[in-house]
Amino acid sequence: MAEFLSLQNAVAKHIHDGDTVAMEGFTHLIPFAAGHEIIRQEKRDLTLIRMTPDLIYDQMIGAGCARKLIFSWGGNPGVGSLHRLRDAVEKGWPNRIEVVEHSHAAMACAYEAGASGLPLAILRGYIGSDLPKVNDQIRFIECPFSGERLAAVPSVRPDVTVIHAQRADRRGNVLVEGIVGVQKEAVLAARRSIVTVEEIVDDLGASVNACVLPAWAITAIALAPGGAKPSYALGYYDRDNAFYKAWDAIARDRQAFLAWLNDNVFTTRADQGAE
Amino acid sequence: MAEFLSLQNAVAKHIHDGDTVAMEGFTHLIPFAAGHEIIRQEKRDLTLIRMTPDLIYDQMIGAGCARKLIFSWGGNPGVGSLHRLRDAVEKGWPNRIEVVEHSHAAMACAYEAGASGLPLAILRGYIGSDLPKVNDQIRFIECPFSGERLAAVPSVRPDVTVIHAQRADRRGNVLVEGIVGVQKEAVLAARRSIVTVEEIVDDLGASVNACVLPAWAITAIALAPGGAKPSYALGYYDRDNAFYKAWDAIARDRQAFLAWLNDNVFTTRADQGAE
Amino acid sequence: MSLEFTASEMMSVTAARALRNDMICFVGIGLPSEAANLARLTHAPDVTLIYESGTLQTRPDVLPLSIGDGELCESALTTVSVPEMFRYWLQGGHVSVGFLGTAQIDRYANLNTTLIGDYRSPAVRLPGGGGAPEIATHAREVFITVKHSRRTFVNAVDFITTVGFGRDGKAREGVPNIGRGPSLVITDLCILKPDPDTRELVVTSLHPNVTREDVIEATGWDIRFATQLERTPAPSAEELEVLRDLKARSDAHHSSQP
Amino acid sequence: MSLEFTASEMMSVTAARALRNDMICFVGIGLPSEAANLARLTHAPDVTLIYESGTLQTRPDVLPLSIGDGELCESALTTVSVPEMFRYWLQGGHVSVGFLGTAQIDRYANLNTTLIGDYRSPAVRLPGGGGAPEIATHAREVFITVKHSRRTFVNAVDFITTVGFGRDGKAREGVPNIGRGPSLVITDLCILKPDPDTRELVVTSLHPNVTREDVIEATGWDIRFATQLERTPAPSAEELEVLRDLKARSDAHHSSQP
């Protein structure tokens, strides 16, 4: 049953060094405030799972939180590279990280299988791709009915999933709206979950088939207004595309990155919001 | 791209003797008007797929449309037996029908796999049940990662799926709302689809993550107000539970059934609505 | 104080008492639904009820006739597709108790809702499995409620639609990711629980005014009784009043045409 | 009439022309998105655009910077989850054309967006596959748009992230349930199509003012030209105006902070 905690307490209580952590949000509703709190609490040796690492994992990797990354597209969307990710992969700074790489289709199916309590996901995928040569987690099975060769990947089952959502009601039920990505699947696939929200309301105002996570499917909820910035929250604020562009120059240089981190994360408190 | 047709023309054009037909709607939005039109057009040798045959298939089986039934729960919900289904299975009246029987979980997964373009569905299912002994379509595979034994069933891929929905817009996009069952999956899994709707409107009035089927995923749309009666359409009319109870006596007797069929289906035109 | 009540009422009240406020209950239609909603309207106001039609955390004012009445959807926290219900919510491991009815049950709590007689030419064709085969294996535990008679409590079910503990009581042993199975059977005569070692159903409590002989007479196998046999408390006035109101409301609702 | 236009504009306009009004297009971010929206705003107002973020039939007023900008969701017919997008809509066979960009491409239209150099110690780590590996096999056909240079058009890609026709041109032969693969490559210099027999990319049309030598110089393999080599029509005034308006609108939008 969802417990209302401060973001600081939620991260301290539920994310531990060495954990496998999924922080989802497909461009929309990326949980930056939680990512910054993880950086501030200097969590280490995390296995980070995310379809699109985006700036949030670029920052966490640059800050030294990660030892492994499971992902399917690691760029700054519409801008270019994730320089902190590249620096870690290409030069081992601040530490070398192991990379396990999938396609989006496989990652999406792996989350879906995790939410479904299954050990594997089956898809028609990776045909002709070199990815199975470099990722031993990609296997193939034969369909017992058609004989067709299909790809199989292990399901995603994180220790903890972190997402950001528009709002929770006072009983701890959560509404996610707009581009819902794999957030529901990521929460249901995980042992524990932290949901940061823009606001806590009396009534979710959800339509009948809306994407609602019941309180009993969530571990902790933390109020974090603006907690998805510079990503966005439909109905609350727009994506800060200018910051995504500006990030390229910040992240390109180790010193500029460290200075940014100091000014914008380490000297900022969780309750001041992200960025 | 969805073509607007009369129900009579839609059934005549897209449902042929011998077809495999799925008519879905989980208690809610059952396409009775379409079922009655199929009876009126005396379609024969259909393989009927439906999780819960309900009164609609009881009527179609009693009218002699079916040669095979694929299902997972064949009762009159809250009332008792489907007497026409039982008469066909137990006594071969009006003709013997073949029965292929699953659990709900397997049928739901089989529709989901059909919509996903896969030849099979994988689930943790049928453990300890005798159903695999009497249904050779239930196989088992071993997970290549965990070694766990999991059930596999062929996906559902009907020739044609028929559903009833609240409304279509003038471009042919369709909104399904409330208990959405497996309707989206059934339409996407099929080669052709017919959607009957309560009304055709300028604007669907759908919320951002509503269950909407785009016009390009539908074959034909037919206006059929009241087309789900005695089932119901959320926002339009309630379930006629009294009729569901009354059906028990009608269906229990062959002559009473034939009289009902004559009075309520054969002498009724499609545009007069169901029941 | 002595209240008048029927055996059916005794069964529903006893079944309702088995649900706790913190449970996530996957509810079968009929008797389980009646008991689950009675629990919600009495001692367990926050019990979470899930129906296989996709309605999560529903609070119907009248008992649904079908598993997907409009009432269930309109009073639910949210409604998901049926594939999602079975994949994410049931198979995903979120259900603490599955609440089932049945047509036949045997000493190892195996359930038959498929048919009487031979599969290829049945004497009586029953509705089939529905959600039960996977509810019984994915829920952390299973409650069963069913009227007690020799027709229902049989020595060997004609068909195992839904596994209890198998023909030998050992069907769950060594199976990964499986719930612990039936933990409670509530009838109109008594309460039964599986023996911790053999898994055979044992009568643990007799309802008021029911004798051992009544149960033996209504059971198709040589039924065992717990050494510490209890007496089920009679329904309270409040339980009876809420149950009768609920049933009257529901009957009136299902008899009126829309 | 002689209009001024850049090679990039020529590429976008040519790529846009390849889309027809009745197509269901799964759109990659960047150049494909620019071309797809230009098509929608000119000759193909009803072309259906799908982005992997889950937005079905979207009509953004400005080009999205990311694959999931709010604009895409707000202007979509509906927005589905990412698993549903990849399972039901892409793998389910509803996409007529996948529109992709790339970092490297070879003569058999194999695409590399993973890395330059060796996988375990890459010289340059690129973003990776994203949606492309399955878009390329599930869509009925694939269009690719990319700037023409020796860095991009390489003799052999360092890594096949996304299959065109494989290292030998035969990767799709005998594979069930696979699309016909890349049918069109649009660069800032020319149009290329696979040879019907060998699947090797062949230049079929040169853009205005581009010579064979320009293409040879910019291609890392011994590039072939069709015997009936065409000349791509220059952009029309309307095409250029709509494109420039779209880009100006989009640049202004992405530079302003919310």
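Which chain is which? They are A, B, C and D, in the order written, and residues in each are numbered from 1.
Quick note on the criterion: a residue touches a chain if its C-beta (ideal position, glycine included) is under 8 Å from a C-beta of that chain, and two chains touch if they have at least 3 such contacts.
Quick caveat: nothing in here was measured; it's all calculated off a predicted structure.
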Touching both subunit A and subunit B (chains): C, D
Of A-D and A-C, whichever chain pair has more C-beta contact pairs: A-D
Subunit A and subunit D, separation of their C-alpha mean positions in angstrom: 28
Length of the line joining the C-alpha centres of subunit C and subunit D, rounded to whole Å: 57
Between subunit D and subunit B, distance of the C-alpha-averaged centres to the nearest whole Å: 40
Two or more partner chains touched - positions in subunit A: 112, 117-118, 123-124, 146, 148, 178, 180, 184-185, 208-211, 234
Multi-chain contact residues (two or more partners), subunit C: 73-74, 79-80, 87, 91, 138, 177
Arrangement of touching chains [line / ring / star / complete / other]: other
Chain pairs in mutual contact under the definition given at the outset: A-B, A-C, A-D, B-C, B-D
Residues of subunit C touching subunit A in the complex: 22, 24, 48, 56-57, 73-74, 77-80, 87-88, 91-94, 138, 177
Residue ranges of subunit D touching subunit A (in the complex, touch as defined): 29-30, 52-55, 64-70, 72-74, 79-83, 85-87, 90-91, 110, 114, 119, 121-134, 137-138, 159-163, 166, 171-172, 175-178, 253-258
Subunit A - residues contacting subunit B, complex: 117-120, 122-124, 137, 139, 141, 143-146, 148, 150, 152, 154, 177-178, 180, 207-211, 234
Touch list for subunit B against partner subunit D, complex: 1, 112, 115-118, 173, 184-185, 188, 206, 208-212, 214, 216-217
Contacting residues of subunit A [partner subunit D, same complex]: 26-28, 51-52, 71-75, 77-79, 81-82, 85-86, 89-90, 101-105, 108-109, 111-112, 123-131, 134, 146, 148, 178-182, 184-185, 211, 232, 234, 237-245
